Amino acid sequence: MLHIFFLLPLLLSTSHASVNDFCVADLKGQDGPSGYPCKPPSKVTTHDFVYAGLAAEGSTSNIISAAVTPAFVAQFPGLNGLGLSAARLDIAPGGVIPLHTHPGASELLIVTEGLVTAGFIASDNSVYVKKLSKGQVFILPQGLLHFQLSYGKSKAVAYAVFSSSNPGLQILDFALFASNFSSSLITQTTFLDPEQVKKLKSVLGGSG
Amino acid sequence: MLHIFFLLPLLLSTSHASVNDFCVADLKGQDGPSGYPCKPPSKVTTHDFVYAGLAAEGSTSNIISAAVTPAFVAQFPGLNGLGLSAARLDIAPGGVIPLHTHPGASELLIVTEGLVTAGFIASDNSVYVKKLSKGQVFILPQGLLHFQLSYGKSKAVAYAVFSSSNPGLQILDFALFASNFSSSLITQTTFLDPEQVKKLKSVLGGSG
Amino acid sequence: MLHIFFLLPLLLSTSHASVNDFCVADLKGQDGPSGYPCKPPSKVTTHDFVYAGLAAEGSTSNIISAAVTPAFVAQFPGLNGLGLSAARLDIAPGGVIPLHTHPGASELLIVTEGLVTAGFIASDNSVYVKKLSKGQVFILPQGLLHFQLSYGKSKAVAYAVFSSSNPGLQILDFALFASNFSSSLITQTTFLDPEQVKKLKSVLGGSG
Amino acid sequence: MLHIFFLLPLLLSTSHASVNDFCVADLKGQDGPSGYPCKPPSKVTTHDFVYAGLAAEGSTSNIISAAVTPAFVAQFPGLNGLGLSAARLDIAPGGVIPLHTHPGASELLIVTEGLVTAGFIASDNSVYVKKLSKGQVFILPQGLLHFQLSYGKSKAVAYAVFSSSNPGLQILDFALFASNFSSSLITQTTFLDPEQVKKLKSVLGGSG
Amino acid sequence: MLHIFFLLPLLLSTSHASVNDFCVADLKGQDGPSGYPCKPPSKVTTHDFVYAGLAAEGSTSNIISAAVTPAFVAQFPGLNGLGLSAARLDIAPGGVIPLHTHPGASELLIVTEGLVTAGFIASDNSVYVKKLSKGQVFILPQGLLHFQLSYGKSKAVAYAVFSSSNPGLQILDFALFASNFSSSLITQTTFLDPEQVKKLKSVLGGSG
Amino acid sequence: MLHIFFLLPLLLSTSHASVNDFCVADLKGQDGPSGYPCKPPSKVTTHDFVYAGLAAEGSTSNIISAAVTPAFVAQFPGLNGLGLSAARLDIAPGGVIPLHTHPGASELLIVTEGLVTAGFIASDNSVYVKKLSKGQVFILPQGLLHFQLSYGKSKAVAYAVFSSSNPGLQILDFALFASNFSSSLITQTTFLDPEQVKKLKSVLGGSG
């Protein structure tokens, strides 16, 4: 009697054909408001669900003595549509991830090495800052200005995980001083002194 | 030391490549349940975020003495995926926007000129009607029958804003009397008299 | 004066052009996280909103004495984007729909013929089992293991309705014993005896 | 060694305490935009996931020769937060469920007995009408005017399933003629004749 | 026969009891992730759906020569759960709404009087700036830095409408210089000069 | 002139009063479908956004030689409503996290120490298994059966991050053999031999 059992997969096969538990991004397709089109299931392999790009240490030989290595949907297509992404933060002693926001996601920060000070500013201008050590986690609500810096004598590593496969990243200094946002508009809308604006634009390469 | 700073944008450039804070509709693409595919970021300009079509007064030389000018995603592609759209209402004295629903959005009505009576009927058949003057706002919950009319001696202008980039618009009279919904089905499902149905179909062009 | 009324449809025609109250799946298009692209409205007919595939009784001449006939988006494209789908369950006396989950939806079970025992196990390992007769409904929360079986002397029919147009279906026995999940990993991750695994794999056709 | 296994549930018990796979409505609590507060898990029983109120035939001894029996969250608290609800339709020969909308949900209609004509009108005034027999299903997109009627010689039964635990129900005739929506506003916003309005108000009990 | 019709409302009354097309905020209740608890339907009046607070001109006798008057859920409880809110902007000649973000919503800006320059900076540091006149609308995607200023000789008025009933508002200068964000952390995370920070803190009242 | 600037905070204070960028769970309140009610903003401190419970190694002195330490909303109230949570996995050599699902979330697995084999089974019974080393990440789509085990000679540590503040956790063996799911129903719905069921129930403490 058991041999009839083999028929069961066939009976259900039409539903199987349509199942998509996941939607690995076809990055060559045109994305939409909810993400990229799905790679055909027949072409999906285990490789699509794994990303090794966060294993390597980011170079901190730069002025901020820090590096951000993203694993967003553009780097890790398996995340598409699943509401998660990550980034690795490497912060050398004295290094800092400058003030920034993620317009499209909240962030959970997990410190895995060293000592990290993290903080955010809320809409009512309350400031929440905390010194974190290995294994501690910090939640940074969506869209608010925040930063991370290393306060120890050795380098720090942390993973930032986001509630979107494409959280966005707006770095305050880059938005103001590495863009072509006109100096006149900057001073009008921030009350910074023109000299300050000029100085930081010359460092960061902004124009306008 | 500052010159090293120039490296930072490069370090982060992979994430920048994938950022899409917005998804301007490519109206030639095939839409899906969450909207249209995104125009490539490299082709997006300021023009995509601006719409001038609501600046002009709509003609009220018609039997309802009113006009609705939409700025939905089909007219204003920058709205795609952002959960907002708008329409301009021009209502001459005595004019009326007939009873209608938006199947996919709630509406916030902002009166900017003249005097407007607006109202909606809730599922429990409660009726909420209010006379509004300039600067007053009225919220009309999703999917419920509502109307707007001018009750003053001069024309009225209002902006209706919606919680979807494509709210839909079902005008009761058009659904019944400008469609090919058969007169027999109309009388069966509304209890209107056949003469009434025939009369309004002849005015609005319905068939069936 | 009434003749001017004919102008109203024209005034509103631009918004009508963009309305999509529905998004019938173009199954030849590439799906995305929110579903399939929409069939052009001009090609949509009444046929797209109707599905007759659940009218016929599924064959229960198999070892489980039961059949599941799906009306998911792949079978019924009109469901695309609307958050609903269905399946017909035919269960002969003594038949059983084996333990399974729907990763992407909750299920409402409606018994329309015969007697059905249904049950689910919650995350805290509480078990909820109920004997249902014609007309009774049972709600099975998303993602939890559940089953249905016939406990009467005549066949049972039920409709399962889902909160997604593509709920997914993971049948426990198939996942373990009809797949190429290695026997070694199965015993390690389930504590089942190797003989048990071997026996069921031979019945269900699993490898590895 | 196996005895140590008993420790595992303890290790995980903190997470179990917080699990809520479901949120059975505490109907005495104050609801919010996403539904009712949850009944404490310790008080939840199998009974909460079952509803028997759709098993009994609704009385069709009324002018529409039809009955709608709802299983929304207010009747069936187990649905709370799960995005599903149902209603039973009993339609005697010649009976009709008058034109109505569900402001908050799409509807899947499953005919289980008799012959049912169902139809809806889209935003572009297209009309989709279909004669359905037992086992056929029809999808009615959110917020659009639709109806069901029996076209056979024997009574019809159908289950309407919704994509919300609280879909709402606005019956056109009741909104207009059983409410206190003033006759003057009705004629202004629908173009119905005053006599027609007066006649239906007298039947349905409307005032104003 | 028509008298039987009166029974219909009774037949359906159980469903009516549970309908909530809207959820007017009970601001004295405890809010949750999706908003405030609902005011009992029996206590809801037309007044709950209307807000007059945007009708009055905001005072621009301040250093920014501008005023923002919000109609968020805290001011206008009828918005609760409906995904919409608004604010009135009054900008005197030369006035400016300083650089800010809304962490939880996109914004549609409608100019109703005067001339307004509005702009935002995207995650890739592209700058989108536009001079707008009466009736023009501008869409500002969620979470990005943006500003509005008057560029004409007379005062400007605009309505900002948001895709959330509680969009949040983080003003850059206030977050940095009106808070207790320590000057040391500001200079570390923004590269602004200490003198600049000190100067703006003294103006805006910041400490730390 | 600058002194007038102090007025700006006052002008905007009404909106500030209503801002809630976050909703720290009041765990003593009654939860609902979208989470717990919010702790009053005035009582929120930095402490609410930090969780130290994942810093300590979980004890692996048990039969699975592994431990799961959750940081879900019940342990870490700051996560409420933000769509994120985490768990720490400690796996001794030879240890295993048995086959399980998260009914309400996808999981991103980040290996931070040692060597981990992780895998999941899709709805079409495809098996995706991968050996991961430090720094590699693996995405496990919502609701699918998956496992993690250590394959190296030293212990492994990984962080699992979830797309919900309350992802749920259903461990297959516990659902079947540590519950009161009757042995008769288990054999009927899984085809496991009664002896196998009896054996594992005796180990895991199940009844029924």
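The letters A, B, C, D, E and F name the chains in turn, as written, and every chain counts its residues from 1.
As a convention for this text, a contact is a pair of C-beta atoms (placed from the backbone, for glycine too) under 8 Å apart; a residue touches a chain by one contact, two chains touch by 3 or more.
Note that the coordinates shown come from a computational prediction; the quantities given were computed from them, not determined experimentally.
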Per the touch definition, the chains contacting both subunit B and subunit F are A, C, D, E
Min route length, chain touch network, subunit A to subunit C, equals 1
Comparing which residue numbers subunit B and subunit D contribute to their contact, where sharing over half means same and under half means different, the two sides are same
Equivalent interface to B-C (more than half of contact pairs same by residue no.) among C-F, B-D or A-C is A-C
In whole angstrom, the CA-centroid distance of subunit B from subunit E equals 20
Per the C-alpha centroid definition, the whole-Å distance linking subunit A and subunit B comes out as 35
Note: subunit E sits from subunit C at a C-alpha centroid distance in Å of 42
Touching two or more other chains in subunit D are residues 16, 19, 21, 32-34, 103-104, 122-123, 125, 129, 141-144, 168-169, 174, 178, 203
Contact graph of the chains (line, ring, star, complete, other): other
Chains touch one another in the pairs A-B, A-C, A-E, A-F, B-C, B-D, B-E, C-D, C-F, D-E, D-F, E-F
Counting only contacts in the complex, subunit D reaches subunit C at residues 16, 19, 21-22, 41, 45-46, 49-52, 54-56, 71, 76, 78-79, 82-86, 88, 106-108, 110, 112, 120, 122-125, 128-130, 132-144, 159, 161-163
Within their complex, subunit B touches subunit D through residues 96, 98-99, 101-104, 119, 121-123, 125-127, 129, 141-145, 147, 149, 168-170, 172-176, 178-182, 185, 188-193, 196, 199-200, 203, 208
In the complex, the residues of subunit B that touch subunit C are 30-34, 58-59, 61-64, 67-68, 70, 72-75, 87, 103-104, 166, 168-169, 171, 174, 178, 203-205
Contacts from subunit E onto subunit D in the complex sit at residues 1-2, 4-9, 11-12, 14-21, 23, 26, 29, 32-38, 80-81
